[in-house]
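Below, subunit A partners subunit B and then partners subunit C, in two separate complexes.
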Partner chain A sequence: MLLYLLRQFSAVVFTLVAASFIIFLLVESSPGNVARKTLGPFATDAQVTILYERLNLDDPIIVRYGRWAGVLLGLNADPLADPELELNFEDSRGHKYIGNFGFSTMMKVPVADVIGARLVNSLWLAGLAVFCIVPLSLLIGTLGGLFAGRPIDRGLTIFSSVVASVPEFASAVILMSIFVLWLGWLPGTSPLQQGGTWPIHLQYILPVTVLTLYVTAYVSRFIRTSIKEVMASAYIRTAILKGLPWRRVVFVHAFRNAMIAPFTVILLQINWLISGVVVTEVVFAYPGIGRLLLEAALFGDIALIEAAALIAVCIAVSTQLIGDIGYMVLNPRIRFT
Partner chain B sequence: MSKLGKHHPHIQVLQNDLESGGISRRDFLRTATLLGVSASAAYAMAGLAPQAMARAEAAVKGGKLRVASRLGDISDPHTYSWGQQIFVRQCLEQLTLTGNDNVTRPQLLEKWEASDDLKTWTLYLRKDVSWARDGRPFTADDVVWNLKRALDPATGSSTVGLFAGFIMENYETDETDDSGAKKKGQRLWRDDAITKLDDHTVVLNGKAPNLAIPESLFHQQLFMMDPADGGTFGIGSNFTGPYEIVEYEQGQRCLMQARSDYWGDGPYMEALEWVDLGDDPNAHLAALASNQIDGWPSVDNAALPAVQKLSGMKVYEALTANTGAVRMRVDEPPFDDPRVRRAMRCAVDTTAVLQFGLGSLGYEGEHHFVSKVHPEYAQIPRITRDVEKAKRLLEEAGHPDGIDAKLYLKSSPAWESQVVQTMIEQWKEAGIRIEMNPVPAAQYWEVWKKVPLGFTDWNHRPLGIMLYGLCFRTNGSWNESGYSNPEFDKALLEAEGQLDVNKRRETMAVLEQIMLDDGPVVQPVFRSIYGIYTDRLKNFTMHPTNYNYYKDVWLEAV
Partner chain C sequence: MTFPEPGHQRPAKPLVQHRRTAKFRGKSLLRRVGRSRTACFGLGLILFWCLVALFAPILAPFDPNAQHMWSLTDPTPSLTHWFGSDALHRDMLSRIIWGARPVLVIAPLSLLCSYVIGITLGMVAAYYGGWIDSVLTRVIDLMLSFPKIVLYVVLIASVGPSAMNIVIAVILVSSPGIARLVRGLTYDLKTSDYVAAARIRGESDLYILAIELLPNERGPLFVDFCTRMGYTVISIGVLGFLGLGLPPPHPDWGGMVRDGTTLLTVLPHIALIPAFAISSLIMGFNLLADGLQETTEAA
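Showing the complex of A and B:
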């Protein structure tokens, strides 16, 4: 068991290192000069040349990656903080600390100052969405699976198919039209600013609803199929025939086995909910990490893209690790292989 | 130079011209105010009522106005590039102010005077302005420091391009380029080019006449900062304006609080709140509809039909010289041949581009950047679409089978792609095969001065010659096409120093014709810009560059 966990953990570390290198390679190799991106479009060519030389951007990519990783691990200071460059980049945490992603050239502040609050916002959004998605998906999926082929299943299937096929930007606009423009019950955007006419908790309703509808429709289909298969298996038939109460058959015997496949899907959705909800965050002007990543990519803010992408990878591998552990709990066969 | 209290000698000439019908009232207003006549006196001389000013007796004090705005880095005002100046101008002020009527007035100045030859400009500072943080008076030392900093090429301010012909000189630096040749630099043409005369007087000693100095002092980057802040701005920085930034969360929110001891009129709103809703027009629409913001100063053209349907809102339109143009690098084939550049212009139908590309939200461009809203606009015969002529020009230039090129442009805003797409369809008929290559804005700004063919948008400037100085003067700081034409440079220098409105217009006709025959741009349209605010907002008029001053507005009680 311990060995298994160690093996999984090593795999996570290896994945993170490999992913960080690939991200660094992709971002640094994108068109354009890193020094130009740092100084912005209106800097003179002379300024760009000076910075290019001082940052040693002629070095091989592996050397530059080593320098970047050194800054991230707190071994080196970020060269952009060099006062001689006159970029006025200052970090209250000091020059060397673990988790130093460098400076955002778009915002001219340490990445750590920007990304923390945005990540927390995205975690809140994702958490609230998961809080709604899991019970709803279980309810819809289980009902569909238990009554497969009957009118209730057909009704739920139509609902899920329609909702899953409407993209987020479309469902956002539809919901806005109804609840903002027509009824006037909800705020149209979610900048999470206090002091306006709408309290912050109401600003969460529309983005959470959009995400919940989209993901619930998808996850509930998996649960339905899984429940349907399990309910048709021999051991369930035996349990029913030996006279166990129907509720016990479903919740004790069927449910646990039926959850293995949907569990993976839900975990994958958590990853997407935190770092991939760019559309929802943009439409509702929600200050999360997805919108930040989009803006950083459009601006060419290398440090911010690298940080956001690496965090997304961290979340992905963490959910994967949780998934592996979850499998062990749900399925003893995995535990002993 | 004229004596203090007396007007420039050319004012009498202008008055005579106005009376004899030689110049229009608008021409008189523009030139007289540039020569130092106060706006109210100029309006009176022209027999016009001054623009309505804030009616203080009707004003309502207090409340908060919430306006949508992108909120990025604001740390270096002398290099602002993406619109920070729209909200920061509520805190930092400038020496002059070009109003909605395109007439330039003093802001931190009390008045200015030009020498008879327009080479020496004397700037008289207001004596009642003080810095908000420490109460220190605003002095000539502050002005000299800010002007010198903005005009230092190391700062990276585009102000250099505007003042280059007037007060800068090119010189060979000690550094050498890859070929071993000495690198060229720019510096003030002499040590006393910007001089403090006394605590409240600054003199600009130029090498060439320039009439547009007061308007150039209103350049979007030329804010007056406290030298003690070292050229940076943020919470805690000193300022002379009516509002102070008390909270600033990049990409999210900015809160400004009214200053109680402001030297001028207003402010009426107790607080201004700027909210960053990103670039998505849907988010802005939804925020307006649910009363989360009171105004959206830069309405996306595509969203205009929808915002016009919102109740309780008022849409403002400003007729501007805001434009977008395809520009060709004159040192890159095939655009190094003027005939190819002319063919590009001949093959375009500006009427159709305006209609299909811009939804008729503007007016036609004339391929020379000077617009009918510019006072020195000279009406010259326009280029009309002539596909056969375009083909002939290409053939003469050695391209009988037409040309192929890739055009770089920003992937947003949408109007740019629509305008370019319309032209691409028109060019095809003349054998000009252009492939559109949209890239994110950040990537575009990396290559905008390098690619052979690009599409760049340009903000409104009150004078056509300001755009010429920035975009087409040899070595101009934003000369993205590498255009260099001694004949053009000479005429531009002449126009910058011409007092006689009609003569200046004649020179402008020469400049515009050079643009049509030899110039590096295809400029099909000028854009109108739109803003939307709650109809409770009073005393607001929209500035053509959205340089609105919210100190003059108030919200009517519900």
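Showing the complex of A and C:
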């Protein structure tokens, strides 16, 4: 068990290192001068030349990656903080600390200052969505699986097919037209600011609904298939034939076994959830990390793109690890090797 | 009933028959679509949009980029502009019709490329095994652990939005998943008798992979293709919506929704109509995939 965890953990570390390299490669090897791109079109040529030298942009990409990773791990200082560049970038944490993503040129502050609050907001949004997704998809999936082929199953299947066909940005627009424009019940944007016309808890409703709808439609299908397969198995037939009450068969015998596959599916849905979160945050102007990533990407804020992308990968990989371990724990048929 | 003589355990005849069954499978695929009402409906939706895209120059009442200033007073749907006009007074119906084109070209094109890459990688990994398999599996796992949207945003933002770059991004994002699926399928099939027979006959690896194995993986691959088409259309729409899709003058459904959201409180039709258009196309692919899956399960 310990060996297994250790191996999984080292795989995660490997993935993160490789992922950070890929992100670095994508962002910094794109056409154009990285020093110019970092400083933006209004920097003087002298500044660009200095940064070009400080970053040693003539070095091979792998060496530059090593240096970037050094900054991230607090081994060396970020070249952008160099007073010679006259950017007046200051970091209250000092020049060298673990988790130093450098400076955001868009916001003119250390990336670490921006990311924290945004990340918490996104986690809230995603957490609330998961809180709705799990019971809803369990309910829909179980009903469909138990009554497979009957009208109720057909209705639910059609419902989830239709809902799964409406991408988040489309469902957001549709829901906004109904609840904001037509009925006027909910706010159309969710900037999470106090003192506006709408209280904060109402600002959460539409973003969470948009996220919930799409992912629920997707997850409930897996649960339906899983329940359907388990209900057709021999041990369930035995349980029914020996006269156990149907409710007991479903909840004690079938449910636990049928939950193993969907459990991983729900955790692996994190990738869907993350892309949903980005879109939803953009639609509703929600101050989360997804919108931050998009804004940084459109602005060309290299340090911020790298930080936001790496954090998203980090979240995805760690939930996948939790999913894997949970799967092992739930399913005693799988041995730890 | 005659038994094969010892030493001739794998006579030539079953092999030929096997290849014929593979051929029949293509026909039964169409028949399977016909058997399921869901699949028929899905296929109908897809064909509808394909026809719209194909005959866009005939169907569209106006130039999709022409600005109609007389609609300035009332951009809502009217007799001349059935779907109204957008913020720049361009006819919405024409833009929806022309907007079917980029999606229906980019999505299948990029997916076909992804399938070529994914099938090659997956088959090579499963067939040869050993270190090739472990290296490729590692790479596939790595690519799959990335949240797709992050790859899309970072990629397109660093190389700039254009049709070509969207195709490249889709290929990078979807081929690892295809490779994993094909690897699994090939892994199951490579121990079958007909592969052994082909090997004994002295066929080359390429022949075994392309002629013996590939046709037998068609069924699951086709269902996967339909599902993936749905996802790809979503991704293209999302990219357009985030402002990373086709550059502005082109009519692009995702971009149209994006333009419409700013005016949603005043003129909801600008965002709603393209949102429904893209959803109906995705629904077509999802229902087709559902229907095919259903008939496979039933068979």
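In this section, the second predicted complex is superposed on the first by the 325 of 337 C-alpha atoms of A that agree within 3 Å, B and C clash if a C-alpha of one lies under 4 Å from a C-alpha of the other, contacts with A are read in each partner's own complex, and residues count from 1 in each chain.
The working rule: contacts are C-beta pairs under 8 Å (C-beta built on N, C-alpha and C of every residue); 3 or more make two chains touch, one makes a residue touch a chain.
On a predicted model such as this, the values are computed, not experimentally measured, just so you know.
Superposition of the two structures on subunit A leads subunit B and subunit C into a clash. When the shared chain is aligned, subunit C comes close enough to touch A:15, but subunit B does not. In the superposition on chain A, A:186 contacts subunit B only, with no contact to subunit C. In the superposition on chain A, A:64 makes contact with neither subunit B nor subunit C. In the superposition on chain A, contact of A:198 is made with subunit B only, not with subunit C. Contacts of A:278 after superposition on the shared chain: subunit C is touched, whereas subunit B is not. Judged by the touch definition given at the top, the superposed model places A:312 against subunit C, while subunit B stays out of reach. In the superposition on chain A, A:224 contacts neither subunit B nor subunit C. When both complexes are overlaid on chain A, the residue A:253 reaches neither subunit B nor subunit C. Note on the superposed arrangement: subunit B collides with the subunit C stretch 259-267, while the other options among 97-105, 187-195 or 259-267 stay free of clashes. Under the contact criterion defined above, the residues of subunit A that touch both subunit B in one complex and subunit C in the other are 31, 173, 176, 180-181, 188, 282-283, 297-298, 300. Listing the residues of subunit C that touch subunit A in their complex gives 38, 141-142, 145-150, 153-159, 230, 234, 237-238, 241-244, 254, 257-258, 260-261, 264-265, 268, 271-272, 275-276, 278-280, 282-283, 286-287, 290. Of all residues in subunit A, only 15, 18-19, 22-23, 26-27, 30-31, 157, 161-162, 164-170, 173-174, 176-177, 180-181, 188, 270-271, 274-275, 278-279, 282-283, 290, 293-294, 297-298, 300, 305, 309, 312-313, 316-317, 320 touch subunit C in the complex they form.
Contacts from subunit B toward subunit A in the complex involve residues 66, 72-73, 75, 79, 81, 153-154, 156, 158, 183, 232, 250-253, 273, 275-280, 282-283, 285-292, 439-443, 445-448.
Across the interface of their complex, subunit B is touched by residues 31-33, 36-37, 39-44, 46-47, 88, 106-109, 114, 172-173, 176, 180-181, 184, 186-189, 191-193, 195-198, 282-285, 287, 291-292, 295, 297-300 of subunit A.
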